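There are two complexes below, and they share chain A, which is joined by chain B in the first and by chain C in the second.
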Partner chain A sequence: MPDGIYFIKNEDFTDYLNSLIKKYRVYATKRVGNDVVFDYIESGSEFVDERSVLSPKNIIFPAWKNLNESENNQEIIVFGIRSCDLSGFNIMETVLKFDIEYNKRRDHIHFANFICTEPCKYGFCTTFEGVRLKEFGAQFLKYKNGYIVEIKDNIFMSNLFKEVSQDMVEFLNSYNDYFSKLMVPLNVKGIENKIKWEDEIWDELAKKCISCGACNYACPTCFCFDINENSYERIEEWDSCIMEGFTRMAGNINPRPSLSSRLRQRFMHKLSYHYLTYGIHLCSGCGRCFESCPVSIDIRDIIRRYNR
Partner chain B sequence: MNSLKSFETLILDVWDETPDIKSFLVNDVIGILPSPGQFYELRVYGKGEIPISYGSYVDGKLLFSIKNVGYVTSHIHKLKKGDKIGIRGPYGNGWEIDERKTVLIGGGIGLPPLSSYIERMLRINRNDMHLLYGARSPKDLVYKEKLREWSKLFKVDITVDNSDETWTGNVGVVTKLFNKIEWKDAKFFIIGPEIMMKYAVKELLSMNIDPKNIYLSMERKMKCGYGICGHCNIGRFYVCKDGPVFRYDKIENIPELFH
Partner chain C sequence: MKRPLIKDERGNFKETDWETAINLTTSRLLEISEKYGPDSLAFQASAKCTNEDNYLMQKLARQVFHTNNVDHCARSCHASTIEGLITSFGSGAMTTSIKDIDNAELYFVIGSNTTEQHPIIGSRIIKNKYEGKTLIVADPRKIKLAEIADIYLRHYPGTDLALLNSMAYVIISKDLYNKEFVEKRTENFEEYKKVIENYDPDVASRITGVDPEYIEKAAILYATKRSIIFYAMGITQHVQGTENVQAIANLALLTGNVGRKGTGVAPLRGHNNVQGSSDMGALCDFLPGYRRVYDDEGRRIFEEAWNCKLPSKPGLSLTEMFEYALEGKIKAMYIMGENPVLSEPETDKIIEALEKLEFLVVQDIFMTETAKFADVVLPSYSFAEKIGTFTNTERRIQLIKPFLNPPGESKSDWEIIQMIANAAGYSWNYLTSEDIMNEISKLVPQYSSITYNCLEETGGLQWPVKNCQGTEILHTEKFTRGLGKFLPSEWKRPLEFWDSQYPFILTTGRIYYQFHTGVMTRKVYLLEREAPEPYVEINTDDAKVLGIKNNEKILVETRHGKLCVKARITENVPKGILFMPFHYVEAPANVLTNPNLDPKAKIPELKVTGARVGKCQTESTL
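After this line comes the complex of A and B, so read on.
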């Protein structure tokens, strides 16, 4: 059987998580009221295999941190992240990997992602990497009375794991193709060169957009951050390209003063610029941007506009 | 790999260049020889950071000339000799040094980043340069002493937009000096306000200068300095990492090059 692929039965699952909790801090999806959120769990039974309200971006790239304080880099297991969110973090890393502090933090974070079994309301992940990822710590796929587990990071190994059968391996290997039939991918081929600078769409979007920045904060690939200080602290915090101050320089000089120019920047960055520099689109297809958008600006409409 | 950590250094001297520009001499506590045209992030403790190209690097001391235009620069202007300041860098790609002659075109506070190049060239016994420098008025010219010295070593043409009773030189925008350019095969370095750079490029192109021989030093909001915070892009390029000096043919088709 292939290396690094195992099976865990549902009946062993809570024990498995408890064995991880004994050794590490486990930040996992759990239910609070009607929401599924990320939080530290104390028992494996708290875990739910469902998509969280927000991605756990905060743990790998804090929304706010005081640069004067050193980070407490304990080993952390992030358990139950959806593939789209982790794929987004992997894309974000193409940029953040050039920062020392990011790497120090990243070295201590171990991700276990869960592959979705059915398309969600907003996602279009098959347009990009798909549900089964290439980069992860551990990757879980529901199969009959348990999960097929792929392991790349030995921190996730367990003696509760069983050998996989040939049909499990075939199921796993064909899973992205199978899922693409359930969720038909959009055509993004060549969009980096087809997206138009001069297009009435940017003005149309600007009439709807209320500049709230929710799309940026919800996005697992948005990495832009600001640095500020006052008498008490020096801060690194998430920034938003939709806000007017994003490009405003000393002397009130602003190369992107209009909302339409900032919306254009957001979609150009996602669908063109990042691809041209790093060879990958700055989008994992998670759909969190239009899920959180109060005026329903949908990146899929932009993709379809240039590639029917 | 990079970090936002800044290093503390002392201001060794401060003086006025113009009514709104001050020069600061600081110890280079980083110890990396900068390339002319590169910039540093200077930090006023408790106030913030600003990207500033260095104007001179002599005996491990860096010279920064800073115009009071915004929040952080207004606080830098309050600092005195002996005060502490934070510094990190050098960042970005500077001016290319090669066998070609250089025509340097600067506007206002754009002269310091050209000054670092001129001084490096003079140190390697090169004076095949021609400087065209313009400012709003005679009192807005920076590095007046350096300009006098340089004019003994190579061709220096200066103009002001608005003359006063003390001024006997050229009057008009810097492109008015372009008829003094004798070297069509030189490389052309341009730095100044965007409107000035835009017209300078246009004028050079109309003189059939090859876009591959034109270099611009661009300005955007550069916060991190090493291409990760996302603020300073012009099209797919980040000014801090891919610039600030760009060869014109590589950026000429970017619609937001000049805003």
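After this line comes the complex of A and C, so read on.
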């Protein structure tokens, strides 16, 4: 049997999580009211295998942080993240890896992602990496009376794991292809060169957009931050390229003065610039941007516009 | 702020303990009340505080200090809505729900920059517009919604009534009105018809500056579709504010666009709890549940419940409180969570009034511009630190819970108020804010039978509530007052309009990133970055004629004051009109604004002030 692939039965699952909780802080999906959110859990039974309302970006890249305070870097397990969110974080890392503080934090965070069993309303992850990832700590796929587990990070190992069968391995290996039939990928081939700078679409979108910045905050790949200071703290916080002040310079000079130019920047960055620089699109296909958009601006429409 | 502050003889604030602060406050208030009579005190509640806080504030004023001089900022935003809609429909609130927006076919937005001030509702309108619904926008400024509107009516500031009356003229003359609805559900139609006859679109066009064809088109569309009217300060902040609101109600009555799914009249509220604080009777002329103070029957209910005699004379409105303070008739003021130095018209006079007071106590979360003038400052919890209820623009009563630890020794607003009542010898004994809600639910019919449990389970209920069941749409079977009443009025020229001395009209408003006087938002780095400084919008042609460059500091002068502020040259405002946001202490727009009041609702005419523009003489002309 191949290395690093195991099986865990449903009846062992809570015990498995409890064994992790004993040793580490576990930040996992749990239900609060009607919502599924990320929070530290005390017991394995709190965990739910569902997509959270927001990605756990805050844990790996805090929304607000006082740079004068040192971080308490204890080991944290992030359990139950969807593949799309983790894939987004991996993409974000192409840039954030140049930040020493980020790397220190990242070394102590261990991700266990869950592969979706059915397409969600907003996602189009098959367009990019797909539901089964290459980079993870542990990866879980529901299979009959349990989960197939892929392990890359030994922190997740357990003696509750069983051996996998040939069927399971085949199921796992063919899973991305299978899922692409359920969720047909969009064609992004060559989009980095096809997307147009001069296009009426940017003005059209600007008429709708109310520049709230929710797309940036919800996106698992958006890494822009701003640093500001006052007399007693130095704050790093998430920023949004939709805001006018994002590129405003001294003397009120702004290279992106209009909302349409800022929207264009956002989509150009997602679909073209990042690819041309790092060889990967700055999008994991999670769909969180248009899920959170109050006026439903849909990145899929932009992709379809240039690639039918 | 972490501890109560008391000002010493030298005018410096010193920290103190609660007992000292409360005893000083209470004894000074009692002293002044004794010496000059109860009506020498004034109390200001707050639309940022919970229903429970506001309920106790007005109870403190009325029961403990025997005065109706209690009011809050709803006065400067929606007092005309309360007055107008209560007289037309019987109930001064949004008749429909936010969810119901999706059921409408047409949105008529007048005097509301919805996407900037009510983005949840604004974005819902945008979404529906892109799904094929119709949008009519009437606003002197070319707001975001105007860009995607099917019809954009750019009328002059202060001519809303003429525009609305003219739309009614078209609807009646083209026989498009809902005869069945008018006959069965309304009264006073004949009177209305008589007044409306004077508003032929050609006539209205000369008043409003809108092409008669557009008025006609808009009226026909409005009458023939399921329509909701949205409005905000652009309608209410006028001398004719109440009449404006009634004219909107008239249009809805005329076409039957009220009381059904996908129709309605939607006044958009500014503060998170401006609906609730009005419901709680934090108004100088209304007791909780909108019983007039001069209504013996209404007063009796509270006199029995509170075991006291209540004053029947309406108190002073927010703006009047300051006038009276200037005249020396108000001697002490208790301000909770408001910042009138920035939010009220004629800032200089407000400051003078505050300085003239014998005693001022301010209760707030931060040291505000107003608190600087106080003798005692009491630190209270912010919304994030307390438990209580807020009532939002769609009448939804929602429970809030703390998610931050309060700083230092600060306390809930209601606790502080109760301490003062106790110190004054009243044995109030509310242990939790829920105790207060229990009392409210017995006395305010709209809130009857509400418990925190049922709010928590349902995630919030829209009043009127009965047996833990809310009401999505008001006036479905009959109006709260029985029949809907047509209340016609003639348009009057605003007291300040274009003239040879003041060739501009100054109108004020708010912007996306700042909230009111900026007490909270100006402390948030990213919001402040987006909108860091005050400005005045001026039309490109006007700027050219006057030789004004973009970002140049110019002098804006009105009959009430003057200030220097950066010009922003734009097509957003038409010729002859200036627009200025009022958030900024550096250039407080309300130094300039017009304090003329709507005689019924006592709301100041902040939207129309005669103005002129000149060169700025100060040394820093950057």
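In the analysis below, the second predicted complex is superposed on the first by the 308 of 308 C-alpha atoms of A that agree within 3 Å, B and C clash if a C-alpha of one lies under 4 Å from a C-alpha of the other, contacts with A are read in each partner's own complex, and residues count from 1 in each chain.
The rule is short, and it goes like this: a contact is a pair of C-beta atoms (placed from the backbone, for glycine too) under 8 Å apart; a residue touches a chain by one contact, two chains touch by 3 or more.
All values reported here derive from a predicted model rather than from experimental measurement.
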Combined model on chain A: chain C and chain B, fit or clash: fit
Touched partner set for A:247, first chain B, second chain C, both or neither: first
Which superposed partner A:39 touches (first chain B, second chain C, both, neither): neither
Contacts of A:239 with chain B and chain C, given as first, second, both or neither: both
Contacts of A:103 with chain B and chain C, given as first, second, both or neither: first
Partner chain in contact with A:153 - chain B first, chain C second, else both or neither: neither
Partner chain(s) touched by A:226 [first = chain B, second = chain C, both, neither]: both
A:135 touches, of chain B and chain C: first, second, both or neither? neither
Vertex chain A; arms to chain B and chain C (CA centroids, nearest 10 degrees): 80
Partner chain in contact with A:255 - chain B first, chain C second, else both or neither: first
Which partner reaches more residues of chain A (counting touched residues only), chain B or chain C: B
Touching partner for A:67 - first (chain B), second (chain C), both, neither: first
Distance in angstrom between the closest Cα atoms of chain C and chain B, superposition on A: 10
Overlap of the chain B and chain C footprints on chain A, listed as residue numbers: 226, 228, 239, 248, 252
Complex contact set, residues of chain A against chain C: 207-208, 210-212, 226, 228, 235, 237, 239-240, 243-245, 248, 252, 294-296
Chain B partner contacts - residues on chain A that touch it in the complex: 67, 95-96, 98-101, 103, 197-198, 223-231, 236, 239, 241, 246-252, 254-256, 261, 265, 268-269, 272-274, 276-277
Of all residues in chain B, those that touch chain A in their complex: 1-5, 43, 45-50, 69-73, 219-221, 223-224, 226-231, 233-236, 255-256, 259
Touching residues on chain C, where the partner in the complex is chain A: 115-116, 119-120, 122-124, 126-127, 130, 144, 147-148, 512, 525-526, 529-530, 532, 551
